[in-house]
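Next come the structures, one after another.
Two complexes follow with chain A in common, the first pairing it with chain B and the second with chain C.
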Partner chain A sequence: MSKGDVMRTRTLILNILIFLLPSIILVSIFLIYPIFYTIYLSFIDIDGSPVGFENFRKTLFRSDVLDFKRIRGFPSVSPPYGALVHNVIWIAIHLPITTFLGLILAVLLRNVKGASIIKAIIFMGMIIPLVVSGIIIHFTFEKDTGIVNVFLGFLGIEPKSWLMYPETALYTLALSSVWIWTGFSMVVYSAGLEAIPKELYEAAEIDGTGPIQKFFYITLPLLKPVTITVVTMTILWELKIFDFVFSSTRGGPGGATNVLALQIYFDYFFTIPSRPDLACSLASILTLITLAVACIALKPVIKIAVRRYAV
Partner chain B sequence: MKVSKLVLALVIVIIILAGLAAYFAYEAYFKPKPKIVTLTVIGPWSGPEMEAFLPALEEFEKRYPHIKVEYRIMRSEDLGMVLPAQFKAKTAIGDVMFIAWPWFVAEMAKKGHLLEITDIIDPADYWPREFVDVVTIDGRIYAVPYAAWVKPGFWYRKSFFKKHGLKPPANYEEFKGLLAKLKDILGPKRAIASGDGVGWPLSDVTEHFLIYFGGTELWKDLIAGKVDWTKDARVRKAFDELTALLKEGYFSDPADWTIRLTEWWEGKYGIYFMGNWIIGMVKKPEDLGLFPLPGIKGIVIGSDWIFIPKYTKYPEEAKLLVKFLAGPKGQVIYCNKAGKVPTNIKVKPEDMAPFVKEQVEALKGLAALGDLDDTIGGKFQKTFWDQLKRLWVHPEELEDVLAKIQEAYLETIKKKP
Partner chain C sequence: MRIRRLKLLLVKILTHVIAWIIAFAWILPFMGIFMASIRPMEEIIAGWWRFDSFHVTLSNFIEAWHHPSVPMSRGIINSLIVTIPSSIIPLIVGALAAYGFSRFSFPLKEMLFLTIVTFMALPPQAIGIPLFILMNQLGLVDTYVGLVLFHSANGLPWIILFLRNYFETVPKELEDAARVDGASEIQIFLGIILPVIKPALYSILALQFTWVWSDFFYALILIYTPDNLLASQRIPLMKGEYHIPWGTLCAASIIMISVPAILYAFLQKYFIRGIVGGVIKG
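Here is the complex of A and B:
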């Protein structure tokens, strides 16, 4: 390498660093420092003495987070099962429905005239602040004033305050949050569908392939990277859910809708004196789980990137 | 001679006119004007309660034209969460604030976040009642109760009772008989309306049962942290009676308390346990009837405490406002509209509205007790509210509900500063 090349490389690196510096400073102050400080707080008690993993043990083995007594009775025993289990239940209900609905809507509305208006209406759930959505849901499922009971009445189902009963509250919340997130998966899938070359469908038609076969042999495989994105983002949203639950039920009744983020909030702000040890250790656990999910989900994407770089 | 007199008169007139012009010009353009200060007041009242409170602020603005007041709504539950972080950052969202938790005020004062108001408040002007008194730390005053709310018992509409030939009960058996009759008239889960919000309406009615069956001694023991919720016979008795009524289907499912208020007023429910603030929220207060559980010895009473954060930009103006609001005039304006009881003993009976005066008289024979969940606060409060919601729909889970309350109670009492 000549002296000129070395100089040019150095200048290039310097330029990159100069451009990156503002972001590095901001990210360090507002992201990296709080993360590491939270982790640090998870290893000390309220008085500041180091306690090793004691806070993690304390935070995990309490009924607010994992209620083993009630979990053992699942499903005959109704919630609360603890915030961690509630998040898992939320994912189990919400993830398949929103992903499937988003995909179906994107496919069905692909070549429909005026589809953008329908999509905009479906996307409304994403636009409304989650706090507002929570309040809407709170009243929608009320026994005497909620509209849901009117429709259920037509099906012969007894009206009840769905969010007031521990056995229905969590499932009601998870199901009612579907309309909020379906707009996201539908839009992402719509973008993914646009990227599939039309020639593939034309070739398949020449071969006499039906619409169902086209969906399963062309659309679905080619949408795999999009599905990974949708699933990852949805799981992360479900793990971090807070404001929707806070404004609709505050984690009640009897802790039946409590979730991890809400528990962190209660530990830090609702307990007098505040319990940063429990809140931060739970926050670290939540960060770890979300990180794991992101890594697993992003693995195929990273693989593709590495393969391209190697080529 | 005549001309000179005329000239003289003219000169005098000109001088007077010039003087007047100079005076008015000075008044209008040159006189230093007091700077207009805008104070932000944060209180928990919205809707009709806010409508009742705003005239007190307007009266203050009339008295002090250089001070404008902006009112913002924030409930105690929200304020209690926001303030510690704000105070740590040495800021405050308001200049004068109201909160229902004296323990919280004391805690903030101890940490040095509040302005001392000893120079403007004379404790002798306020009720000597234990749970509604001024907040003092080491003899220094930091907060003063503004208008007392009382949770006196079950409200009914006189016209509804008259129509169905019902009368307030004279003993507990009659109370149960009344509930049975109301169930016959209105159907299951319609005898007693159950309000919800963050949870306090259910804890209020539960506290009434605890006082009725456990007396004031139980109350003091509960607040002192001496009671085991799962074992104490007095607590068990109160909860056994309450759950029996829940199992009979007398209580409705909980729903937003203002919705239940409207529904109860429309005749969909028979009776409603609420505080005296509903007087200011109904269309015909004269149609309101009230009965406590017959023979109860104490009543839950509380207030909203006014305090000034140390970080206000206008400490002197904020003190003027607190002095006015805590004084007789500032309290009576609000109380007469909101149906609450002034905590300032200098309010003259003739200035009180009839329903306020009635309450003052009724309170004389009863022990005033602090709101249990507000007094203990913290995790206990949240758990108590939340577990009662569960009990309301699943009274058969009483054992587990009490165990959870006990767990939170121990944790909170142990860690209470």
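Here is the complex of A and C:
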């Protein structure tokens, strides 16, 4: 190695230290260390002795997380079915509606006057704190104060406090969270639509293709990568939902709106005595599910990273 | 030809009607809490959409601002004390790291990058418990220093991902010229890069500020002295167990929303660019 090479290597190391070290330190202490500690805690019991996968069995097979008796009675037996099932129900209701609505809005708003105002209104849901969203939704679905009851009245449905009954609370929350998240799918789809070259549509028009055919044969296939992004990000959001439930129902009535994130919090910070074993093993399960979903979202990033690495 | 034109016109009208109905439905809940925040309790219970008796009052806001147990006045100040440094620190630290990832090459770089970025997806509850234990050991529970340090770390993954993508679009000619002239990387970063990436920095500031401002979970587990509670923690506490004081609660909600809403009014395009840039370009 020549003297110049040594100098260059030294500068490079110095630069890496200046530019990257602060981030590496912060992330290591406050993100990487805790996640491994969570995993560690899920394999020991409260006294600190290793118990293998025992905690995972205990945390999953309890009525707060999976209530098999009630699940078997679905749908005539009302929630609670257990937090894990509630997250799944949440995804089943919220994901298709919010994705589809975002797509429809993105397409419609391209030809609407005042589209930017409408977009700004719908995107508001993404800006306001979820704690406040919980309060707003509670207010809007309450018997006396909720305007939803006025519209349901037109359909002949009696006014009621929709979040007070186990039969309706979970479905109401999942459905109303569409109001919060549609702004996300809308703006992401809008950006995706803008990226489609106009020539494609012009060429199709010359061939006499109608607007509906254009949507199904050009727009939809070209939006597939955008859809994958929207779907994965939405599932990630649905899996970690916490503040919204906390401020609207606190998981009630009778655990009917309990979700995984809430259960983890209650297990450690609320139950007396605190149960780090149950909380951390449940947190590890949630992490595992999240990472599996995230791999799909991060696929393009991983691909770029691998390509750069190979070169 | 005339029928075709008529059909097009009909479609156009229909599109407008549907779009504006959806927008109207979306704004109704906001109108609801706004009306509730400026009207007395009897009128809220009777339905905020009814105007046969209509009185405007500021008492709900006064009640929320000077709440006997959880005043929003203190909450807003506390939240600002936490949110401002929690937005600026990760912006600086993250910009440095993104530059490093984008301009230097060294072994295991991509692995390190991926490790950091993966943390974007993790649910807060996955790290909450050890975080509490760690802060306890460091003596940082119930202090803003602990919360700010954590939020700074927590913001880094997405900031680094977002800015690294952005850096790839910045042409390298200027930097290379400066490098030939013997400028150090730090000089290049401060003098050439920072001015060019200003729009991206606005996006980051806007989103990071909004997210930290909205945070509830980390505040909930790390801050518990009543005087120190952040604004987001105070709102559920105002709810009460059986009787819900909707007027106060809605006024407090409006106060809480107003800060990010003002930011959003001025920086709307940066918000949307930030959200889209963070997920799409990757």
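Everything that follows uses one rule, which is that the second predicted complex is superposed on the first by the 276 of 311 C-alpha atoms of A that agree within 3 Å, B and C clash if a C-alpha of one lies under 4 Å from a C-alpha of the other, contacts with A are read in each partner's own complex, and residues count from 1 in each chain.
Operating definition for what follows: a contact is a pair of C-beta atoms (placed from the backbone, for glycine too) under 8 Å apart; a residue touches a chain by one contact, two chains touch by 3 or more.
Because the structure is a prediction, the values reported are computed rather than measured.
After superposition onto chain A, partners chain B and chain C are found to clash with each other. Of the two partner chains placed around the shared chain by superposition, chain B is the only one that A:255 touches, whereas chain C remains out of contact. In the superposition on chain A, A:269 makes contact with both chain B and chain C.
Between chain B and chain C, C contacts the larger number of chain A residues.
In the overlay built on the shared chain, the residue A:166 is in contact with chain B alone; chain C does not reach it. Contacts of A:214 after superposition on the shared chain: neither chain B nor chain C is touched.
By the document's definition of touching, both partners, chain B and chain C, reach A:144. For the superposition on chain A, the stretches of chain C under consideration are 188-196, 242-250 or 260-268; the one running into chain B is 242-250. Across the superposed pair, chain B and chain C both touch chain A at residues 138-139, 144-145, 250, 269.
Of all the residues in chain A, the ones that touch chain B in their complex are 63, 138-139, 142-145, 160-161, 164-166, 250-256, 266, 269-274. In the complex of the two chains, the chain B residues touching chain A come out as 81, 84, 104, 107, 196, 198-199, 253-256, 259, 263, 268, 377-379, 382, 385-387, 389-394, 397, 401, 404, 407, 411-412, 415-417.
Contact residues of chain A toward chain C in the complex are 12, 15-16, 18-20, 22-24, 26-27, 29-35, 37-38, 41, 101, 105, 108-109, 111-115, 117-118, 120-132, 134-140, 144-147, 150, 179, 184, 187-188, 191-192, 226, 229, 233, 236, 239-240, 242-243, 246-247, 250, 260-261, 264-265, 268-269, 276, 279-280, 283-284, 286-287, 290-291, 293-294, 297-298, 300-302, 304-306, 308-309. The part of chain C that touches chain A in the complex is made up of residues 12, 15-16, 18-20, 22-23, 26-30, 32-33, 36, 44-49, 93-94, 96-97, 99-101, 104, 106, 109-134, 149-150, 152-154, 156-157, 160-161, 185-186, 189, 210, 213-214, 216-217, 220-221, 232, 235-236, 239, 244, 246, 249-250, 253, 256-257, 260-261, 264, 268, 271-272, 275-276, 279-280, 282.
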